[in-house]
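Below is the structure I would like to discuss, written out as structure tokens.
By letter and in written order, the chains are A, B and C; residue numbering begins at 1 in each of them.
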Amino acid sequence: MSKTDRGRFLEDFRLGETLIHAVPRTITSGDVALYTALYGSRFALFASDSFARSMGLPGAPLDPLLVFHSVFGKSVPDVSLNAVANLGYAEGRFLAPVYSGDTLSATSEVIGLKENSNGRTGVVYVRTTGRNQDGADVLSYARWVMVRKRDTDAAVETHVPELAASVPAAGLAVPQGLSAAAFDPALAGTRHFWEDYEAGERIDHVDGMTIEEAEHRLATRLYHNTARVHFNSHAERGERFGRCIVYGGHIISLAHGLSFNGLAGSLGVAAINAGRHVAPCFAGDTIYAWSEILERAALPGRSDLGALRLRLIAAKDRPCHDFPDQIGTGYDPAVVLDLDIWTLMPRRGAT
Amino acid sequence: MSKTDRGRFLEDFRLGETLIHAVPRTITSGDVALYTALYGSRFALFASDSFARSMGLPGAPLDPLLVFHSVFGKSVPDVSLNAVANLGYAEGRFLAPVYSGDTLSATSEVIGLKENSNGRTGVVYVRTTGRNQDGADVLSYARWVMVRKRDTDAAVETHVPELAASVPAAGLAVPQGLSAAAFDPALAGTRHFWEDYEAGERIDHVDGMTIEEAEHRLATRLYHNTARVHFNSHAERGERFGRCIVYGGHIISLAHGLSFNGLAGSLGVAAINAGRHVAPCFAGDTIYAWSEILERAALPGRSDLGALRLRLIAAKDRPCHDFPDQIGTGYDPAVVLDLDIWTLMPRRGAT
Amino acid sequence: MSKTDRGRFLEDFRLGETLIHAVPRTITSGDVALYTALYGSRFALFASDSFARSMGLPGAPLDPLLVFHSVFGKSVPDVSLNAVANLGYAEGRFLAPVYSGDTLSATSEVIGLKENSNGRTGVVYVRTTGRNQDGADVLSYARWVMVRKRDTDAAVETHVPELAASVPAAGLAVPQGLSAAAFDPALAGTRHFWEDYEAGERIDHVDGMTIEEAEHRLATRLYHNTARVHFNSHAERGERFGRCIVYGGHIISLAHGLSFNGLAGSLGVAAINAGRHVAPCFAGDTIYAWSEILERAALPGRSDLGALRLRLIAAKDRPCHDFPDQIGTGYDPAVVLDLDIWTLMPRRGAT
């Protein structure tokens, strides 16, 4: 038995320790094609080398969410194999673009620990950093998960980290070389620029996408995410939901893909301020999405592009024309995701 | 609402206008692998760099049908998002080979409009052109679709274009550099050359391929085709068929993949003369196919290869040993596709 | 009819003849991404260009099992299209690493024939060799299949080849340039080296993976494997199992992917000594796996890595904590695969 890994329990984490995650992985144009096939994402900067070159980059970078899933997946065997729930994200920043052929690796620092009052579970807070083959940081984010204890009597250190409510716009990283001066809205499929969005505006992304079991499994394996709840229908038949749960990141990418219809000019997610997987999703669910513009922020020294902070909300089996949302301290029962992100968007003056 | 695109209705089209389609996309070896995984296509020229080099090309070009789907997909948001039916194709010509790493973009000219007598729908005719990153035309074809009117009272221009019944063999484009002088029939999996096919000959392609929901959705998203009927099972439950419809192009590629068994020497589709999606397909359907050789044409100045014009007919849940076909003005109820194409085929004398 | 291939029957094989298989195929990073998405395989040498370079290779080679499936697939139309059963493998050796961009082709020599006493079927033995675009052998293996006769009265030559019970460790090929001197166990996700495994040791790989119809079909088409039983649900409804059978190699790769949990240090399969597909698998089955270490062998002149011979056993819908195995002359009814392989593994002294 000792050869196999059954994951860490709460008492196995030490405050301040750094976990080196296996396995580095080279992300290629094969991953990009699969990402497109899985989510139908159409944002031009990530779809076209020509378009990306016209905007100052050497070629099309990977969609930042593909980078996120690839880094996140590596952390699963060390952080969340025995997780009960993925509780939240904060301070997520995409720090440098990643290109096909780059190799991603990841480490996580344990930044917080707290036992729950039931004595059987607790919360682990980690800050995960993804790096490319040159050792440059490409992504950093905090997340916290509820993890089981192996031994209810084991002592657990307690420290709850302070995490920012959002990444300041001035702290967003614009990919080196990126310029929206030559942004072509017709090729990008939009008529709307940064100036056209207003705080408080709500956008129904209209379309819905139904999840197939094969799809979310292909995706989740591609990301080297090993959480058992996604793959083993035989074992899940005897568990709480009676079937496999879809990786939460799959829902993020589906919702983000749908958001093209309304946010087609986006130059990608620049930060994840906060995020909650409000309810689990399963094969057969149809994902709809809407966005609320929270803030429109200029970026220091940039007249070509700005940042939009928005909530991306996903609901299942329910169109979003009336914007299902929080209700009191809970949510409309159809809501499955409430994600707070910054995206970069070309400014009208630039073109 | 104004931020989201709900597609054009009949009265939104203007005769002679050019629609610039979003989004340019770089097609890579990832797309090629997915295309192979989706259809099992085995035509050697598109499967092997070595084989393609032995025939004078710099490497394996993309299967022309992958190019077709990629260009077609771009036109969907502007042309057929509110389409009731995809009525036909004509004058489709593959003009230059496309290679992994090329970026495809597309425009469509509105070449015809006609309101139906019911006043609620009409027909739009477009000529769509696909281009590579150098601006070279790689594909041109006409198609016409039945589209809803938003406002039954709106005026609609009327012009029905004259479209050729077929592309003349002399007008077929042979990929630059391609020579069948060194064609290796054993590696290509064939014993049959251009001379071995006769007009009137019928070939049962024997095998059948069952469609899974995940497969046609992966394919259709890969092509950036956004037609809602393919993806949203929740919404389709309340529509005419109660479930998602498979993209017609998926059936074309399945049938073409099956046609390897009987036409293995093919150097690819060179033209689409005409095509009808006779009946819709759904997940769970099994596609069989047969071909009828319509014409064998020499190509000007070429002794190494010739052209075969053939009908590729697909049927569902019905083997094709007895060639299900047109019956009077209709079709055998199993037929789902009737496609009239030119393919290039090595001549025996060349080897 | 003469244009289509319906496969060879027993009496169509000639002892000593060489079958040239169609179609050469260039394996790319697209295939690698699909392989990862299908099996979630995480062995670092095959996942990361950086990791592979640190071990002396020019980049990440293809997983040897992907090479095996690609070569095997080519042999199907010529060897096993009319096979009743895939009976066994022997003397399988991976002779040279294969890289993205290499083009694989294959031939098979008929090394044995034997009619069964029923007069309706018999066994064909072939030795299949896979080669790259330079003509270098990359893989060689023997397999034997039960094939139908077309004509029960036809005469069949009889010769049963002698095949080695296993490949000798001294005959294993280590990829040129590969050194485990700089092997990083943390990045590879392991704490265990060659020295840590003992003959007789059993390892439960813990996790299970459920098969979806779309997944095994994508895989099998990617390998150009044309066996009808995998693809045509319509025809299989009337056959023995009433549904499509999963390609046996798909089970091998699923089990091998699961074996990461316990054998994460593996540098890949170096040889296939023997293999039996004990029972068929179908969509919906969940595959579990366990391994038994058969032998630990030093390699001549190598202090950095050694070889482990192991049995990889897969079972369906049954966890393997109690190691389901042979029972008398048969098997535990859950067992579906019993594969005897050599893998390469870093030695502790090397790091």
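Rule of thumb we're sticking to: a residue touches a chain if its C-beta (ideal position, glycine included) is under 8 Å from a C-beta of that chain, and two chains touch if they have at least 3 such contacts.
Fair warning: this is a prediction, and the values are worked out from it, not measured in the lab.
Asks: Same residues or different residues where chain B meets chain C? The copies count as same if more than half of the interface numbers are shared.
Replies: different
Asks: For the sequence-identical pair chain A and chain B, determine the rotation angle of the Cα superposition and round it to the nearest 5 degrees.
Replies: 120
Asks: Where the centres are mean C-alpha positions, what is the separation of chain B from chain C, in Å?
Replies: About 36 Å, centre to centre.
Asks: Send over the residues of chain A in touch with two or more other chains.
Replies: Answer for chain A, listing residues that touch two or more other chains: 28-31, 33-34, 212-214.
Asks: Spell out the residues on chain A that touch chain C in their complex, using ranges where they run on.
Replies: Checking each residue of chain A against chain C gives 1, 3-6, 20, 22-26, 28-31, 33-34, 77, 101, 103, 105, 133, 212-214, 217-222, 224, 226, 228, 231-235, 244.
Asks: Contact residues on chain A for chain B in the complex?
Replies: Going through chain A, the ones touching chain B are 28-34, 36-40, 42-44, 47-51, 60, 100, 186-190, 192, 196-197, 201, 203-210, 212-215, 261-264, 284, 286, 317, 319.
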